[in-house]
């Protein structure tokens, strides 16, 4: 007990040290000098409370952790048998179909702002599904994923600015260029060990952002590129006035009144189709030889190589495919915003996408989709807490790794079964 | 078909393998034996490309392969197992065999994503081949279990089956009988002989189980402290004084 | 002559920055050497050290204490205490529970911690940068009065001397003290050290504390040198220091020193002769090149893969 008490006191003391100086004083810049202000009493009480909580927790740590461990016994679902694969797959596909149907109906019942947000959610779903291939399936930690997103977005912006290329042509070009970038960057770096790879990809991401920021003559530097055109539907534009010759406008063709909402809904539907394509394509890939190779290499690299799998080729395929879908998402993003700048492609963005993959459960498509929805929508719902968003993110990532590294919805492998030939 | 000439491997100051030579002819089972730490596995690692030998040559079907990347050597038809079984534990038994057939499935991504008939046909073929080999090593019952849940002897057999679906010309087995009981060893015995007789695969194996080695080997190479000690038929080795001294002298 | 003076100036600036990178790099290198993980949140620990030092300096000024050596020493001690405690707590909360799990798990936990700490300071102190008072003014100048002059400020001299002292103390500590010996034993073979009765948990904590304390020193020095700090400035500095650690050979303490100096000089040469905007590109580029062509760094030992 005394050892426990000592430890609890120590922990409480450390809590005080790491929280009070930073939280308890406020540095205020006054012109060139800086002044110190004490903060209001509530912060001090908060710090004190934290100290007490840490003290009590550490003092009764064993008892508390013991009773926490008992908790799953209360949960009736904890020990149930895993569902049979065929049943689970059926359930999953029903659920996914329902989700897609819901998503198709959504824009016609929701407000314009909600549809706009939903488009953003879909973009994040595409990004997270793409990164899921790299991190979850191939086990490569890519911290510079946002670079490929940027390549997709900037390809569209630049192509439309300099060559007047439309969304539909830019979409494959943007995704293709992003994939090419992935291929070229990945080739040298994929030999590296896991954590080195993480840092190098981070470096690449930063380099691309810095270059976008500084090649002012081409990219507009920090001012970005504006006037990115909206997608058209078979040559029909969604603006009030036709911008390009030879096009007609959507509302005139159908003889309906102009509404700004048409464009938002159209863009949403495009994003939805692309997100579904992404999900289905990746789902197929997982069950293809290339998907099995990713998995095998992640499980045991040496055994995989002894069977003739080329480590570089297998990793590169995952990296390139991931980059491809980021390019996809980037093009849609550029079109949705109409304006892009390097601001949108900072490291934090990579971290957010990674957090989505981690929270959802690495490798699990369903989990990643739900996490993308949650991570994008929750901060919007709780706007008053929006400044705490990143703080909570960071904490959630740590907690997730400590308690549930497999994520909220852990990946369930889809086995290929050998059917008996009777 | 395989010829190792004066192979040497140095780790820092330690000369783990010193001037080892051996050869394997077609339709032959060759064993490498020697006391623990003699450098047998290091020879294997050089042959399979995991290590880049510091000296000597390895010829496979007349081509030099020393220092080639491991996966390329495996693609030439020189496939190995490991002293400590290395399966893809969280994949099922049949999936372990499918992974190994990636070369027979060199489909492009698009046809797979679109599930073209051609792709399905090839996928079915590799499933059939997997089923055949599972039957051959007696694991059909286990096909849909996770490989990590198999008993040790079954894991050993699965590892050999996984090599065989790649259709190798030369199979390298690193202590295939380690941890097996006498009955299982006997089965293994027959399996290895059948690989040679029925599938025309040459075998190089490292083994401590003398009864197995003496029963099935056509020729034996003895290595001691990284150096070749003797080579010959099982009978010659049994009567070789140096070998007896190396084994009995240590025991 | 003028060209040479200009070159000399860049060299001095580079060595100044480089030696602080080296101080931060120690934290990365020691932690990596012992538990083989990249402590992604180390840059934030350094940033917190800088904030604490600034809070201490402003606090003392408000109390009317202005005797420079006292101010510096109090600021240094405060920063070291807070940063070390933070380093200890971070290891306890975010790293110890995930130790020994798959390689990516501690790394993701560390990234989460880094984001958390950045926003912790951001929320408490605001996102704007705050000015760091210029406590050590003046310096030496060389060269003709009418042309380019090379200058060494007293601040730069302070940085050199402090770094040198810290490095010497650290080297002595690692080679002589009981904890230092235990550190070396644990970095050789954690499991074995455990069997021999070394409390490895304690040693790992000690590594985090030492690394954090040195980062706090760097925080105070660089804060004064740059003249302002903000919650984000730990991130880039952390990456640079990590680059320095890799450059010199991760796990090697002299390597961290060497790597820091090389990186600092490379950056300041880029700023001096090319453009300040590209200095980050150069350091990341350097990191990538090193990892590709000599992943063991300049002074690191090669690893042999076991099968």
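Per-chain residue numbering starts at 1, and chain names A, B and C are given in the order in which the chains are listed.
What we mean here is this: a contact is a pair of C-beta atoms (placed from the backbone, for glycine too) under 8 Å apart; a residue touches a chain by one contact, two chains touch by 3 or more.
Computed from a predicted model, the values in this text were never measured in an experiment.
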More contacts between chains, A-C or A-B: A-C
Farthest chain (mean CA position) relative to chain A: B
Chain nearest the overall Cα centroid: A
Whole-Å gap between the CA centroids of chain B and chain C: 49
Interchain centroid distance [CA atoms averaged], chain A/chain B, Å: 43
Geometric centre distance via CA averages, chain C-chain A, whole Å: 30
Numbers and ranges of chain A residues touching at least 2 other chains: 302
Contacts with two or more other chains, residues of chain C listed in rising order: 307
For chain B, residues contacting two or more additional chains: 50, 82
Residues of chain B touching chain A in the complex: 48, 50, 69-72, 74-75, 79-80, 82, 86-92, 94-95, 98-103, 105, 107, 109, 112-113, 115, 127, 130-131, 134, 140, 143-144, 162-163, 166
Chain A residues within the chain B interface of the complex: 281, 284-285, 288-290, 292-293, 295-296, 299-300, 302-311, 321, 413, 415-418, 421
Contact footprint of chain C on chain A as seen in their complex: 14-15, 17-18, 21-23, 25-29, 32-36, 135, 139, 141, 143, 188-189, 191-196, 198-200, 202-204, 206-207, 210-211, 213-214, 302, 347-348, 351, 354-355, 358, 387-388, 390-391, 393-398, 400-402, 405
Footprint of chain A on chain C - complex, ascending: 37-38, 48, 51-52, 54-55, 58-59, 62, 78, 81-82, 85-86, 88-89, 93-94, 97-98, 101-109, 111-126, 128, 130-133, 235, 239, 242, 246, 275, 277-278, 280-281, 284-285, 287-288, 291-292, 295, 307
